[in-house]
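Each of the next two complexes has chain A plus one more chain, namely chain B in the first and chain C in the second.
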Partner chain A sequence: MIITLKDARITRDSWSLTAAGTFDQGIHLISGDVGSGKSTLALVMAGLFPVSGGCIVKEGISSCMLSLQFPELHITGRTIAEECASWGTRPEDILVTTGLTGREETSPFYLSRGELKRFHLACILAKDYDLLLLDEPFSSLDCEEKARLCSTLERRSRGITILFTHEQDILPRVVRVWEIYDGRLTDCGRPPDAFRHWHHLPVSVRKLIALGSVPDNISRQDLREAACRIQG
Partner chain B sequence: MQDPRIRIAASAILSVTAFISVPGAAFAFLWWLVFTPGITLIQKNRLVLPLVLMTGFFSLVLELFGGNGLSYFIRMSVIILVGMWLYSEQRPGEFLDTGVWLFGDRAGFDLGLVAEMGMQSLSCIIADFERVLLAARVKGMRWGIHSLIPVGLILVHGALARAEESAELLAIRGYRSGGVWNPVFITKPWDGVAGLAAVCAGIFAVLPVSEFFILYR
Partner chain C sequence: MIAIESLRWRNLTIDALDIGPGVTTIIGPNGSGKTSFLRICAGITVPDQGTVRIDNLTPRETRIGWVNEFPDRNILFARVTDEIASSLRFHRTISGSIIGEEVRACAESVGILHLLTRTVRELSGGEKVLVSLAAALVNRPKVLVLDEYDSHLDARTGEKIDRAIRASGSRYVIRCTQHMDTAMSSDHLLFFDSGGVTHSGRPGDIFPSLKGTAWYPAAWECGA
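After this line comes the complex of A and B, so read on.
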C-alpha cells in the first residue's frame, strides 16, 4: 500500500508546488507555513485537484478519505443522526464517543466549532480507509482532544495516514516527516534523523536538542522521555 | 481597465443601458466585446453560464405566461456579463478608494468598507462552494436538486459566521464610523476611451433613433 508522487507539479495562478516522494504505511506529517500549499496538496493526493505535470501513482489503495480543515463544509445531513448516516456510521456509536448523546435531532450547525470538529473526525475515524488525508486535524480542538486524536491515529493498525498541519505542540508518533519549503515538498526523513533538516521543527523538540537530549519521535511521550533524560 | 472609478461608472451605465431596452442591451454587449477580455472572461469564471442558464429558465417561464421572456433574457444576460467583468477586474481596496474619493472619509469610507466586505464575502462563498462540492465527492454523494438545501445552509451559515466575526473585530478595534484612507488611482488613456464609449452607449439607448437621422423625419 503506497502512494508515490512522481515530480507532481501543482499550479494555481502564479503559485506552484513540486512534490516527489513515496508514502508507505504509517503516519506521515507534512508541515509548512500558512499558504504554502498543504491543503492543495491534500486535494491533489485525494484526486480532487489536477496536477499540471508529473503524476501520482497509488498502489494497493482501494479507499481514500480526505478531511477538510473546516468540518462544516462536509455537512450534508439536517440532523446529527443524518450526518452520521451520511458517513456510513451508526449514530449511537459516534454520539457516545463524542459526548453528544441525546442530541441526535440537533442540527450540526448548532454545534460549536470544536464539537463539530470532534464529531466530524469521529465519523471519519470510525471507518478504516487505506489512505487517510487529514488537513489541519488539530485545529479547533483543545489539548485533551488533540491528545485523544493522536492516540486514535496511533492505534490505526493499517493504511497510510497523512497529516497536513502546522500544529507544533501535540503530535502523534510519525514514521516520516515532510515539509513544504520554498515551493517544494521535501522528505526530511524518519525521526529523529529528520530533526536535522526540518525547518518547521517544533519549538519543544528544538529546546530539548539544545539541552543535549534528542527525542526519538515527536509525540508527547517521546518528548517527556527526552526531558526525563536531561533531569536524570 | 485600471481606474476603478471609470470601471464602476461604466458598469452602472451599461447595466442601466442594457436593462432599458434590447437595443440598449445590444450596445452594451458591443461595448463588452470591444473593451473586455470577452470569451476568455466566460471561460475563466464558472459562474457565468449557470447564471445565464438560470436567467434562461425564468425567461422561459415569463414567456410561457405571456410576458416578453426573450427580451428579458437578452437584457439580463448582458447585465450578467457586465457584472462578471466588473467582479473579475475588481482588486481589494478599490471600493474604499472610490467611496472615499466620492463621498469623503465618513460616508464614503463606510460605503467603501461595506462594499469591500461584500466582495470579500462573495469570494469566500465561491471558495466555500467549491470546497463543498469536493467534500460531497469525498463522501460519494451525487450533486442534484436535493443538495441545494444543505449546500445553501452551509454557505449562508458560513457567511453569517464570518459577518459576525468581522463585526466583532471592528467593534473591538473601536470602529464607529468613518476612517482615514488615501485613495490612489492609475488612469490609462484606454480607460477614458472605454468610459466615453459606455456613456455613448447609454445615450444611444435612451435617445430615439430618429434624433440621429434627420432625413428620416
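After this line comes the complex of A and C, so read on.
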C-alpha cells in the first residue's frame, strides 16, 4: 500500500509547488509555513485538485478519506444523528466517544468549535481507510483531545496516515517527516535522522538536541524519555 | 484595569476577576467557557448578569479588535486591502491616502504585504487569520481579543505575530490558545474549567501545578 508523487507539479496563479516522494504505511507528518500549500497538496493527494505536471500513483489503496481543515465544510446532515448516518456510523457509538450523548437532534452548526472538530474526527476515524489525509487535525482541539487523537492515530494498525499540520506541541510518533520548503515537498527522512534537515523542527526537540539528547521520535513520550536521559 | 464582577452567561460563572495591562492568555478544555468570556470582553455578547468594565467603560464603549479562529465568519470584503481598511473607512474620518499608508504599515507588521493585491478567496486558512489580525490592529484597538487565532499558524509565523501584538500599542491583549509554549510568554495566565477560572497568575506560577497533564508546556517537559 503506497502512494507515490512523481514530480507532481501543482500551480495556482503565480504560486506553484513540486512534490516527489513515496509514502508507505504508517503516520507521516507534513509541515510548512502558512500559505506554503499544505492544504492544496492534501486536496491533490485526495484527487480533488489537478496536477499540472507529473503524476500521482496509488498502489493497493482502495479507500481514501480527506479531513478538511475546517470541519463545517463536511457537514451535510441537519442534525447530529443525520450527520452520523451520512458517514455510515451509528450515532450511539459516536456520541458516547465524543461526549455528546443526548444531543442527537442538535444541528452540527450549534456545536462549539472544539465539539464539532471532535465529532467530525470521530466520524472519520470510525472507519479504517487505506489512505487517511488529515488537514490540520489538531486545530480547535484542547490539549487533552490532541493527546487522545495522537493515541487513536497510533492505534491504526494499517494504512497510510498523512498529517498536514502546524502543530508542534502534541504529536504522535511518525514514520517519516516531510516539509514544504521553497516551493518543494522535501522528504526529511525518518526520526531521529529527520531532525538534521527539518526546518520546522519543534522547539522542544531543538532544545533537547541542544542539551545533548536526541529524542527517538516527536511524541510527548519520546520528549520525556530524552529529557530524562539528560537528568540521568 | 479590566474589572469583571458577578458575571453569569450560560455555563460561565465568574464572581470577581481583574485583568491588568499586557498579554493575558486563557487556556483550558473545549467547552470551559473561554470563547464565551472572550465574546463578552469584546462586547459581542452581553451577559445575563454582571459587568465588565474596561478602564471604567463597557466593552461596547471601548475600541476593540477581534479575531477568531474561523476568520471566514468575520471577513466582509473580497479584496484583502479592503478588508484591512474597512474599520478605518467605517469609523474614522481619515483621508484615503493615509488609510492606504496605515493599511500597508499594518500588513507589513504581520508579514502580509505580499497579500494586499490578492482576494480573500485565494488565501489559505492561516493567511486569512493574518488578514483578520491586520484588520483588527489597523484600528489601534485598546483591547485586542484573539480567540485561538494561532491554531492555523506555523511556529515561526506565530512568533512574528506575537512580536506584532506586543508592538501594537494595545493596552490589553486577551487571547485564548491551545499552544502552551505560546501561553508561557504571557504576562498573565487564566485556566478555565467548567465555566469558571480555576487558576489565575503568572505562567511561571501556574504551569508547575499542571505538570503531568497535557497542559504542561512541551518545552518544560522534564526540565528541557
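Methods note: the second predicted complex is superposed on the first by the 232 of 232 C-alpha atoms of A that agree within 3 Å, B and C clash if a C-alpha of one lies under 4 Å from a C-alpha of the other, contacts with A are read in each partner's own complex, and residues count from 1 in each chain.
One rule holds for everything that comes next: a residue touches a chain if its C-beta (ideal position, glycine included) is under 8 Å from a C-beta of that chain, and two chains touch if they have at least 3 such contacts.
This one's a predicted model, so the numbers in the text were calculated from it and none came from an experiment.
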Chain C versus chain B on the shared chain A, clash or fit after superposition: clash
In the superposition, chain B vs chain C on chain A residues touched: C
Partner chain(s) touched by A:D169 [first = chain B, second = chain C, both, neither]: second
First (chain B), second (chain C), both or neither touched by A:F70: both
Which of chain B and chain C A:D13 touches, first, second, both or neither: second
Chain B versus chain C as contact partner of A:L43, first or second or both or neither: first
Residues of chain A contacting chain B in one complex and chain C in the other: 70, 72
Of all residues in chain A, those that touch chain B in their complex: 43, 46, 48, 65-66, 68, 70, 72-78, 86-87, 109
Complex interface listing, chain B residues touching chain A: 128, 131-132, 134-139, 141, 147, 150, 153-154, 157-158
Touch list for chain C against partner chain A, complex: 27-31, 35, 69-70, 72, 122-127, 130, 148, 151-157, 178-181, 213-215, 217-219, 221-224
In the complex, chain A residues that touch chain C: 12-13, 31-35, 37-39, 69-70, 72, 112-115, 118, 136, 138-147, 166, 168-170, 200, 202-204, 207-208, 211, 220, 223-224, 226-228, 230-231
